[in-house]
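Listed after this line are the structures, all set down as structure tokens.
Two complexes, one shared chain (chain A), two partners (chain B, chain C).
For the complex of A and B:
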């Protein structure tokens, strides 16, 4: 009865009824089962393997070695260097990705780009749906020292050649550029969705209050983009800490370990049958990802509450 | 305080969809002017053109005699109160009000003094450390008004500031805005679709329809001497009764009932028309008030008691009109009676052009 009255007051529409609980489980269960079987279970198994001797790790009764694998990798200078490199690369990549995606989204959202808006949206999102291996193979060709298009172009305008993947000093940046090309579009879409929800009236109020373009961005737009900033930062942190495909396709960790990140190093050890150490590395990386993601979320929630 | 002048101001989109058709009006120093009209009449667009938030397709906007067409909103020294408040959600109330002053590099002590004074004036001093989300609609609108006042701008612009409030709060805030104007003596341009708000607040009202200025005058003149059929039908609650009429033999014929035409209308006698005859509900009375009041036979068709008075729908000739009678009026639908109308308090409009005829 009360629902009918409320419906009449609201213009003849009945308020939505909660669906039966069975419908809820019908939708949730398949995905919960998939996550448990292909997500959580392998992670738990991997952590279990990290406490066993590599030689017996995949046997029915593995030999437990406690923290020996962890002790071994923490004493391994290659792993320590790889971990440091991964963290530096992640920091660099997260900042570049967020900055580039934000800038691109703001441009797309502004009046500066008129009729070409759809074209620019497609252009930035196309690499996201391009198979990553195919994309990175093309980038490897672009960087090639002998016939790569990049150096041909640089030579044509009289600039020195870019060593790209061939130099210890530039390989990490060359990899970063390829990754940015592949991923930035995804983050742009998230920012655009958030920008569409921003209150334009507040920006107008700031304009009347005397704000210039930068002040409007800093005091009005950016605070309203906090949800997208959080999602994008956490997602980028997770993505770049796990960087693997680009290295596997373009550098194989080289030159001279310059792009040998933790995921790729763990893969190399796994390939050598050193399952215990490889999974110990993966577990440490997993712990770092969880801690950083939770810290980011806590930080953002704290700001939101103030 | 400043004057605002609009000279042949026009606005069109894509070069062919015109929404403002050449509006001229002057707003004096310290004047309270209300733009009123139905949804889509262009009143908010016109206000936003004054603010600089909308470009101008033609004409000039002048503030204190200076053409501001090419000036950015921040360089026009205006303050604006928006319908949905447009407060900065991540700043507390103090910072919301202080923001404009900070951007103008006002000294901190001066900011504290001004925000404190305005918060006191608007009775929101105890809320200054809260964020907008923690406030009611009425409190938010006070903050929005405070943010405008604290800047001490040349002109205040209000864009339907009370539309999101409930009826009781709207009445309270309406009174407060009027008191603020009396106290500050500021130039205010105020947009509303509510003719009651317009009548109660304005020094002058600009009635707009479909991007055209229909009349710009005092509330009294708008109400008693409407220049157009649209203005007559838009103002008053209930609005002016408007009925099809013809002018025959020196009389207004309402399809069976006749009323002597005032001398001024005699020039129109013989014209084919069509005409619209207008009379306010309060100008239809139950007893002769003056020697030239004319009796008209009427039939009661509907009674709407409002407590202090009763709105009575009457059939007079072919016309159906609403009269505002005393609460003690006791007749039933179908009853016949005589009502009195003073020809001097009636109106005649050209039904084709909508213009008032003298």
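For the complex of A and C:
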């Protein structure tokens, strides 16, 4: 976006002379105080603790150990496995979230769905505003071997049982399905908002020119959805890298560490009083989130300039 | 308008509706199962988990969960209402004023630093932030207090982006006209800008309420005892208890879910539009 447009639209509130700063200090004070006390201070504290010995971390004069905590966790096979698992899960979850949300948004947006579109939209968005604890508790029991509806339903239509959270092989997929249920509606409405701004005429022109369905999707629809694709990918990356609540409610990292992601493993170490290592893990996860988010935004700016 | 061409054809239409109805069913079935299970005894569910409606419509289960972990149910419900409402009100006032100042003077060095600090805060893995927050709460003497929980829940990204985005669209001429009329900054804010911002205030308030109702980890960490637990936290501790009270867990899930579900259904248009706008901006 060029500077002149930004000046007219983006800086709408700016009079020719910027107003004196005086009273704005007062307006910003509560916001600055909350950000500093419950944001910046704890983050700095967390980084500080990652360089101290756990036993002395909460004492007035902590013992500095340099990078020892970082060295310790990088030598910890459970952490390395957890990090790998987190990255694989994030990739799987981001791709399936974006793909499902895109397909469903295209379906709801198509002229095939007329009446009932709002109902379908509300149905897929409802889990987004449902308290995640309640949603995951219900899913945990839906998967249950004795209480759960899922396996009874599978048996009724002649399909084999789904071991769900009980098996090392399936737990990660059971967690993924519950997370998709909770999150995907959010991504659907972002795609729908983008689709509402698109130009139907281009697709119709391509159709007249003899483009097939795949060509229309790839060359006409997808390029126009670039803004939503980018926003959704950044959001999904940040969100799934931090996956925590679903594990805390449904699996506690199990069975046999199959769902022990970095954020949950770090939280467990906190619980055991291993503050130094836990905060070192927090720093590493934070660095990954920041780098990926900045890389995606850089990508967007690069494309916007072209 | 849309990216896609118009399409007709009975078979395609039937397929499209069948898919949308199937997806909607998968989204909504967990709610129905939870609601039905809350009315059925544990033995009844074990014998037929799929039964589509309850045998009876008794409220006896409320007696079973009248007290969770030694604290009465009504206390958790009151805490949820109090903490969610207070953190929403505080959050909206603080965020609106903060975002307003940042938009009016985006060039000022301190405001630039503050904006970056806020962005960093919302990107930090929050489940790992709550432990250092525990230490901070201890140091400032807010551990175990309602004030501590409410203040920690007050800041959130979506409300900030909604306000920032709105304030940027207020026409320059409106402010200039007020300045020419001799208005000071207080009058510009409360007589000119805020009346325009009322719809955004409403949207941001509803969304903040829905999101804060669902918060659990900050509540758990700042609390010293179940006396300040909210419904989601009480549900988590009930779910973690030994000896499964399945019906009680489902009834508690219903109590946690129903208030915000009804609230959302009434305000769905505003909520969906607001969350889309807040996200696209961020």
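One rule holds for everything that comes next: the second predicted complex is superposed on the first by the 261 of 306 C-alpha atoms of A that agree within 3 Å, B and C clash if a C-alpha of one lies under 4 Å from a C-alpha of the other, contacts with A are read in each partner's own complex, and residues count from 1 in each chain.
Here is the rule we use: a residue touches a chain if its C-beta (ideal position, glycine included) is under 8 Å from a C-beta of that chain, and two chains touch if they have at least 3 such contacts.
Predicted, not measured: the structure shown is a model, and the values here were computed from it.
Enquirer: Classify the contacts of A:157 with the two partner chains as first (chain B alone), second (chain C alone), both, or neither.
Expert: neither
Enquirer: Looking at the overlay, does A:189 come into contact with chain B only (first), chain C only (second), both, or neither?
Expert: Touch partner of A:189: chain C, not chain B.
Enquirer: Spot which of chain B and chain C makes contact with more residues of chain A, would you?
Expert: The partner that reaches more residues of chain A in the superposed model: C.
Enquirer: Once the shared chain is lined up, is A:219 touching chain B (first), chain C (second), both, or neither of them?
Expert: The first partner, chain B, only.
Enquirer: For A:199, decide between first (touching chain B), second (touching chain C), both and neither.
Expert: both
Enquirer: Scan A:106 for contacts with chain B and chain C and give back first, second, both or neither.
Expert: second
Enquirer: Tell me which partner A:207 touches in the superposition: chain B (first), chain C (second), both or neither.
Expert: In the superposed model, A:207 contacts both chain B and chain C.
Enquirer: Hey, what residues of chain A end up touching chain B and chain C alike?
Expert: 199, 202, 204, 207, 220, 224
Enquirer: Chain A touches which residues of chain B in the complex?
Expert: Touch list, chain B to chain A: 51, 53, 72-74, 78-80, 82, 84, 86-90, 99-100, 103-104, 147, 151.
Enquirer: Would you pull the chain C residues touching chain A in the complex into a rising list?
Expert: 1-8, 12-13, 16-17, 19-20, 23-24, 26-28, 30-31, 33-34, 37, 45-46, 48-50, 93-95, 97-108, 111, 114, 117-118, 120-121, 123-129, 131-133, 135-136, 140, 151-152, 154-155, 167-172, 175-176, 179, 184-186, 189, 210-211, 213-214, 216-217, 231-233, 235-236, 239, 246, 249-250, 253, 256-257, 260-261, 264-265, 268, 271-272, 275-276, 279-280
Enquirer: Please name which positions on chain A make contact with chain B in the complex.
Expert: 199, 201-202, 204-212, 215, 219-220, 223-224
Enquirer: Considering the complex alone, what residue numbers of chain A touch chain C?
Expert: 9-16, 18-19, 21-25, 27-28, 30-32, 34-43, 45-46, 49, 58, 104, 106-113, 116, 119-135, 137-142, 146-149, 152-153, 156, 181, 185-186, 189-190, 193, 195-200, 202-204, 207, 216, 220-221, 224-225, 227-228, 231, 235, 238, 241-242, 244-245, 248-249, 263, 266-267, 270, 275, 278-279, 281-282, 285-286, 289-290, 293
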